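Please see the structure below; I have some questions.
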Amino acid sequence: MSDSLQRPGGPPPTIIGGALPNLPWEDRPAGCRDVLWRSTLNPVIPRNLTATSNSIFNSAVVPFEGQFAGVFRCDDKRRRMQLHTGRSVDGLRWQIDPEPIVFHCDEPETRDFNYGRYDPRVCWLEDRFYVTWCNGYQGYPTIGVAYTYDFKEFYQLENAFLPFNRNGVLFPRRIGGQYAMLSRPSDNGHTPFGDVFYSVSPDLVHWGRHRLVMRPADGWQSTKVGAGPIPIETREGWLLIYHGVLTSCNGFVYSAGAALLDLDQPWRVIYRTAPYLISPQTLYECVGDVPNVVFPCAALYDAPSGRIAIYYGAADTVTCLAFTQVDELIRFIKDNSLV
Amino acid sequence: MSDSLQRPGGPPPTIIGGALPNLPWEDRPAGCRDVLWRSTLNPVIPRNLTATSNSIFNSAVVPFEGQFAGVFRCDDKRRRMQLHTGRSVDGLRWQIDPEPIVFHCDEPETRDFNYGRYDPRVCWLEDRFYVTWCNGYQGYPTIGVAYTYDFKEFYQLENAFLPFNRNGVLFPRRIGGQYAMLSRPSDNGHTPFGDVFYSVSPDLVHWGRHRLVMRPADGWQSTKVGAGPIPIETREGWLLIYHGVLTSCNGFVYSAGAALLDLDQPWRVIYRTAPYLISPQTLYECVGDVPNVVFPCAALYDAPSGRIAIYYGAADTVTCLAFTQVDELIRFIKDNSLV
Amino acid sequence: MSDSLQRPGGPPPTIIGGALPNLPWEDRPAGCRDVLWRSTLNPVIPRNLTATSNSIFNSAVVPFEGQFAGVFRCDDKRRRMQLHTGRSVDGLRWQIDPEPIVFHCDEPETRDFNYGRYDPRVCWLEDRFYVTWCNGYQGYPTIGVAYTYDFKEFYQLENAFLPFNRNGVLFPRRIGGQYAMLSRPSDNGHTPFGDVFYSVSPDLVHWGRHRLVMRPADGWQSTKVGAGPIPIETREGWLLIYHGVLTSCNGFVYSAGAALLDLDQPWRVIYRTAPYLISPQTLYECVGDVPNVVFPCAALYDAPSGRIAIYYGAADTVTCLAFTQVDELIRFIKDNSLV
Amino acid sequence: MSDSLQRPGGPPPTIIGGALPNLPWEDRPAGCRDVLWRSTLNPVIPRNLTATSNSIFNSAVVPFEGQFAGVFRCDDKRRRMQLHTGRSVDGLRWQIDPEPIVFHCDEPETRDFNYGRYDPRVCWLEDRFYVTWCNGYQGYPTIGVAYTYDFKEFYQLENAFLPFNRNGVLFPRRIGGQYAMLSRPSDNGHTPFGDVFYSVSPDLVHWGRHRLVMRPADGWQSTKVGAGPIPIETREGWLLIYHGVLTSCNGFVYSAGAALLDLDQPWRVIYRTAPYLISPQTLYECVGDVPNVVFPCAALYDAPSGRIAIYYGAADTVTCLAFTQVDELIRFIKDNSLV
Amino acid sequence: MSDSLQRPGGPPPTIIGGALPNLPWEDRPAGCRDVLWRSTLNPVIPRNLTATSNSIFNSAVVPFEGQFAGVFRCDDKRRRMQLHTGRSVDGLRWQIDPEPIVFHCDEPETRDFNYGRYDPRVCWLEDRFYVTWCNGYQGYPTIGVAYTYDFKEFYQLENAFLPFNRNGVLFPRRIGGQYAMLSRPSDNGHTPFGDVFYSVSPDLVHWGRHRLVMRPADGWQSTKVGAGPIPIETREGWLLIYHGVLTSCNGFVYSAGAALLDLDQPWRVIYRTAPYLISPQTLYECVGDVPNVVFPCAALYDAPSGRIAIYYGAADTVTCLAFTQVDELIRFIKDNSLV
Amino acid sequence: MSDSLQRPGGPPPTIIGGALPNLPWEDRPAGCRDVLWRSTLNPVIPRNLTATSNSIFNSAVVPFEGQFAGVFRCDDKRRRMQLHTGRSVDGLRWQIDPEPIVFHCDEPETRDFNYGRYDPRVCWLEDRFYVTWCNGYQGYPTIGVAYTYDFKEFYQLENAFLPFNRNGVLFPRRIGGQYAMLSRPSDNGHTPFGDVFYSVSPDLVHWGRHRLVMRPADGWQSTKVGAGPIPIETREGWLLIYHGVLTSCNGFVYSAGAALLDLDQPWRVIYRTAPYLISPQTLYECVGDVPNVVFPCAALYDAPSGRIAIYYGAADTVTCLAFTQVDELIRFIKDNSLV
């Protein structure tokens, strides 16, 4: 990642981070009034990209060596959940490894062999990429943690928490000298509740000082909420895209919103969107293995221009892309905050 | 509304009511065998007609000053439920007020401030338009009642019933000297049961003499039933369009049928359709925020010709239109009655 | 009932009502610290007092012609729920009519024939005794209303509310010129929720102006709350004994507390006990057809002395008696209020 | 059915059965990698093929007198479930009798009059066609059995099992001298569990020696499994196509897989697909009365060429067709077996 | 068993069966009005009669070689359910074998090894004693069948039905030339529904011609009903003692009633008690491992005198005894019938 | 605590710990065959020991300054759950502080003010007593941690884990250099599942390296299992008394068993009782606020004699005492192990 570029004579960019000019950014379509707009190429990853895949969704990508790399949730035709690596020149066209990731792990008790891995996130932190995902320890979901330098070899650490937990999302730098993670305690099934919590660790192994960040609110986020992509550091606070769930008489509906968290005390929510940013409305979001799901897991940004690209799973079947601009988004969050 | 026109030399029209020539009626499509047919312009109101709307559905319209007016359920992008007024020249193209209705109400205990209003009906009764809707009193659903003369100022009365109740539908004239309303007692969630009851009132405030009208039956109406549009007075009885719900292994499926109720004792069902008139079969009915929902809330008629236009919500997302003819419909109800 | 007696030279009695010297009052046992104490003769009515009774509980008694009369819930050995009249010289030893009450009713639709009647209350109001109970209209529970002059002939009116409702309790005089009733809207089963509402009527037939009185709170009253005996008018407000329900991992636990309601606006709660007054602790309250139930339905008072006798059902099996003194009770409510 | 043809000089055909050259077989589309491929004419039977049908799906067809005949599940517009006969020249274009089948039956207790029949299978066995279906005895689902020689007159036997049961599938010949049937015991609703069992009978009336065949496994078949078409006899074992169900947060998802059962002891599973063969992925499978359902009920084969055509219901709304080739399919089952 | 004795000059005994003078019969206690009365020695078998027993209940006894034998449900201190034999001189004091029954069975698939056996019945039929019980085939409950000549060696046959089933009760002779059994289809847990069905078999292996006998009714038998002891043949029909279950807000309550079934067509209910005969009212019936359970599994009779002794489990903890007289009981059934 | 005494010439005591001669130990009653026997003084703490207590149960005691101290769960008459300290000369007669414990805590976010504290354990560890309990952080249960030197001042640390968790039990010394705790992840209600996990910490604030210790098994421990008293170090391993739950049709039944855990890797279970040690069988265990509960929270021992006294809550109402001897208990665990 290149350094952030100060525009001459102007204010510093809102996003504290590098440039990413080589993603094929799309402008907001004419006539569109929304703060977030879908890619015209959606779904950018079809369900059957690999020979054995039933669906590819809820996946995480990052800039890597001038191109892109990612960790993908590929459910196979047995409907087992697996993690695969992938590489791409432009972030749109992907080569996904047909074989699942094999984690190096010296600890047989927690080594991840089985087929219960899902919903990965990838975070550049200090000197390497960390992967967090929902991992099936003894058949119970909790937060798996691993790292890689090259998206070839992956080294698995201890699970971060006791079961039952999902949607573990690391912060991209230490806060107050400690590693920090968001997560969503759950139960062992289709959990009908869910709050976002914040925990810290001196060593990425032992976790404590747990703090509640956000509860469900009304409307689209009334059943549960969970962190989405790695938070983006901005001059206004940590920008967190998150998912919210509403229970209709036909089951769960997953939409996405955004919040600004305090930079030093991220469990303090400064602003949080009352309306959703995006909800299931297109055919590829409404129809699939699980209808009516929009589930963001990664957000790439170009700090100088403020552009943000959000990768999200649709209908638990395909992977899609949406765009926004950071200043417009922060304006929207502030103007539509329920805090 | 103009008076009913007696066709010279012919029998009196079946519908007891006025003429409505200026709706853009559509004839039954060639080859269609159904007693009810969809508008070719469906969905006539898209989900994003206003800047803040997530969806517009389950709404009520009436003829008004030679044109049309209505009260619309507009869920905002927070997925909160609100009521908005709207006006239209032809009943198809609508201008919906971007701001929710503000009810005048002297009683702070019951004044409707919150965002839990939904599924309105509008009824011309004696000298004004009455609006009934599902109102959140103390967070519990019950039947809100208000009136307007001009669709600008709305005056809220007492809630008609104790919680928990939904789908309150007024009759368009007094019966036996008293005001009359249909409703569907419920619980506080996605109620898996529901019968239509009839209640009367001397003053639109105190209600009593509650009578059961109809229970669920088999097939499409086996889980619950609820009144739809304001009943239409005909020479054969009150024509009631109603919704019925079937529980599939993927949740509720909402369809619509019709019944004829006794003119003087409307809790007596004379005929009631065993088959549905319309069920979710088009893409806009099967795909949306809540798949597989057809939910009628208003029916306009042209008494001389017997044409009826039914407005219905589809997939809890958009508003649609369907047509029928009263004599054909009554024939169908009689020929396919489960009573 | 005789008039209230002013004690010479002292303040007027707290209870606004008559004297009742002929109940065999029991003093608080030595060493007892509780504001409410059980009769040493409990259970005062055994389960098999009549030849056909499985259980006799949740019943209402009143002073009548210098002695006592009542309406009793007698479940028969079919476990059907019925109402029977009874007479007693002292309020302890009862002759219960072996035949259920037959209500006179000109309206066949609502006439109560079936075996789904339960939990009666009896209220002296203006010139006669009114009975309210949970009545099965079309198989759905709602509030039945009837009156009697002599506990021989009973005349049934319209049901007060739409289904689903339970625990309808009349006030013993008009308030603001209107009849007033408390009730607890419910669903059709073992309702796991329940709030007390207040409604008024000009004629005991049409009811409106519904107001929320109290919701569940914490601890013993965290699942649902419902009115118990007819409220007692005191100089401090309406004294309402009510039941509250806690859900343990082994089912519902019914206890009882008390509240003071505003005399003119009884939906306003002035004080309400945070602790229970009585909870299931004796063998006859903990063991029976429904373990762990204390359910008060009637309260007799002697205004000059302030003594109050509370009849309550125990374990849905037998009828019991407990005593308190009004000034001590009001002191306790104020000192332990959660309002 | 004609006899199986030995290809000169080659090995005997894998399928032990006749030729069926006159079905309009479709080759695998170019670029398709799947072992099973959909007909380009899907859905081959639309939902409204008859005047009263709401949907036509989960139906069974057989070769008959050089053409085709079948028994169809036609839900009417009441959403009642019925069985109708149909005839076709090519297996694609069907004439379905607008009247439901009337079964001859001397036993009034079990004669099938009502409207709770669904999911038929048809099996040529010895000298006639047997129909099995889910039959509503006393309102409870169990396995109905009947036979026909001509698809005009149907003769109903005793129900095979006690309630509650579904998906009774006969074997096409006696095994060990006895008739044999697969079935899936259930409960009275949307059963969330289900295993395939095997039972035998000397007379098609009394059944016993019940054996477990297969339980749910992981992924797409984790909630329940049930037999699909009549098993096909092959030199490798009985080829059983079966459905499996996964429970997503939006309800059940029905897919299909295949297994090979021992020829003499069919309760022994030799191989069974870990991945599904087909899951809901097209619009007609994902959108309809019950979204996300693929449900096979019949499989026709041409033994010399090894072609197999599978009829399956889609979204509980329409009937579809898919193709495979037996040697490729058996290879796939063996290569992807979870046994 | 000795032959039935004709009383000289009198009518033949109502019960068609032998004499049993050596049971220590107890007369109805003074003042008791009930048609069934409890033994003063209850509970006749304590929970800890064997060194490993947690509870002994829901068990079956028969006259045997002038004394008594039985098959007992002994849950061990692991709370696993097992069957043990026992012997007694007088039917009250029992020696129960500390080791569970080992069934001889040539069929490894169905041989009963595990610890999921419960609720046995024992039936003298033609030339031996048959035992039926709830057997865990593959972890699913169904009806196990075995026979013994000597209560030492037991020979297990095939399970009678597919899972899920409980309370299989044989008739003591062939009817219409076939063996006959009552049973109660269920699901795999605490089944909240249950009807009694009748099935026949030529060989005790294959079962068919299934007929509904009785559904739940109101009150104490509103959730489910199941057959209890082996039916007693009388001149008025088969006398069936059965259990019924009511669901209170604190769980299931098991009581018992009786019915008369047609001698030749036992699925026809001639009379059936509307009230229960016995419900949980004593401390040993209301308090124990499962509170509020009365569950009869055996009935012994002395035909000349018409005395009947009923063995029943209480609170799923101990075994109790109650008495009745056949003519009084039949009179009661007829006078209190809901048929 | 005094040092362990080596008996001259004999083997070292099995328990690695001190002497405790001053508890009024009771011998096994004559005729009792059980490895655990109840105190003849049960319940040793009645429900109303303090003026405000509804119940006192599930509490922890330790030897303290030659006498005894403890932390008690005292539910008040509001049925709110609180922790109180208590002191006793003999461990039987207790003075319980009428005011709840006030924890010193510098962190306002986690300071425990509310009334959702329950089921404490107390552990002597290095230089002070640690208290762990189920603490309501933000209304969600998790494991609170505090310490005291004198049972007067208590200092609260961070909660150990994310919600949802219960039954946190510390080990009485570091293992492998780290603090160690057992816990039982749960959900937010009457959790119907539960396994025991092991976690370690360098600082009692950050926890990690989570390991599964034991799952539910069959019978009495089939629904969930949770650690009871502080594990006792023995020469055979850590002796863990734990509770197990069975779900009957009338709710949860709590019993207790025991296990031996590896001294160095305590997540390895060496032996574990298949039968329970104690289940609800007495009136005070079967009748109370929650029927059928035995719940041990503390175990005191006298190492030289091997006597162990177990404090357990009964029926969620009172506190009881039972006794065992360590060598007999370990023999029993080994002889009856399901591992």
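By written order: A, B, C, D, E and F. Residues from 1 in each chain.
The rule is simple: a contact is a pair of C-beta atoms (placed from the backbone, for glycine too) under 8 Å apart; a residue touches a chain by one contact, two chains touch by 3 or more.
Computed from a predicted structure; not experimentally measured.
The minimal number of chain-to-chain contact steps leading from chain C to chain F is 1.
By residue number, over half of the touching pairs seen at D-E are also found at B-C, the match among B-C, C-F or A-D. Residue numbering at the chain A/chain D interface overlaps only partly, since under half of the positions present are found in both copies. Least-squares overlay of CA atoms from chain B onto chain F yields a rotation of 180° to the nearest 5. Among the other chains, D has the CA centre that is most remote from the centre of chain C.
Between chain B and chain D the centroid-to-centroid distance comes to 42 Å (mean Cα coordinates, whole Å).
Rounded to a whole number, the gap between the C-alpha centres of chain C and chain D is 61 angstrom.
Spacing of chain A relative to chain C, judged by their CA centroids, is 57 angstrom.
Contact of a single residue of chain B with at least two other chains is seen at positions 250-251, 287, 291-292. In this structure, the chains touch in the following pairs: A-B, A-D, A-F, B-C, B-D, C-E, C-F, D-E, E-F. Interface residues of chain B, counted against chain C in their complex, comprise 109, 137-138, 140, 142, 158-165, 183, 185, 187-188, 193, 195, 197, 199-203, 205-212. Remark: chain F residues 33, 218-220, 222, 246-251, 253, 255, 274-276, 279-281, 283, 286-287, 291-292, 338 touch chain E in the complex. Against chain E, in their complex, chain C makes its touches with residues 47, 51-52, 54, 75-80, 115, 190, 250-252, 287-292, 316.
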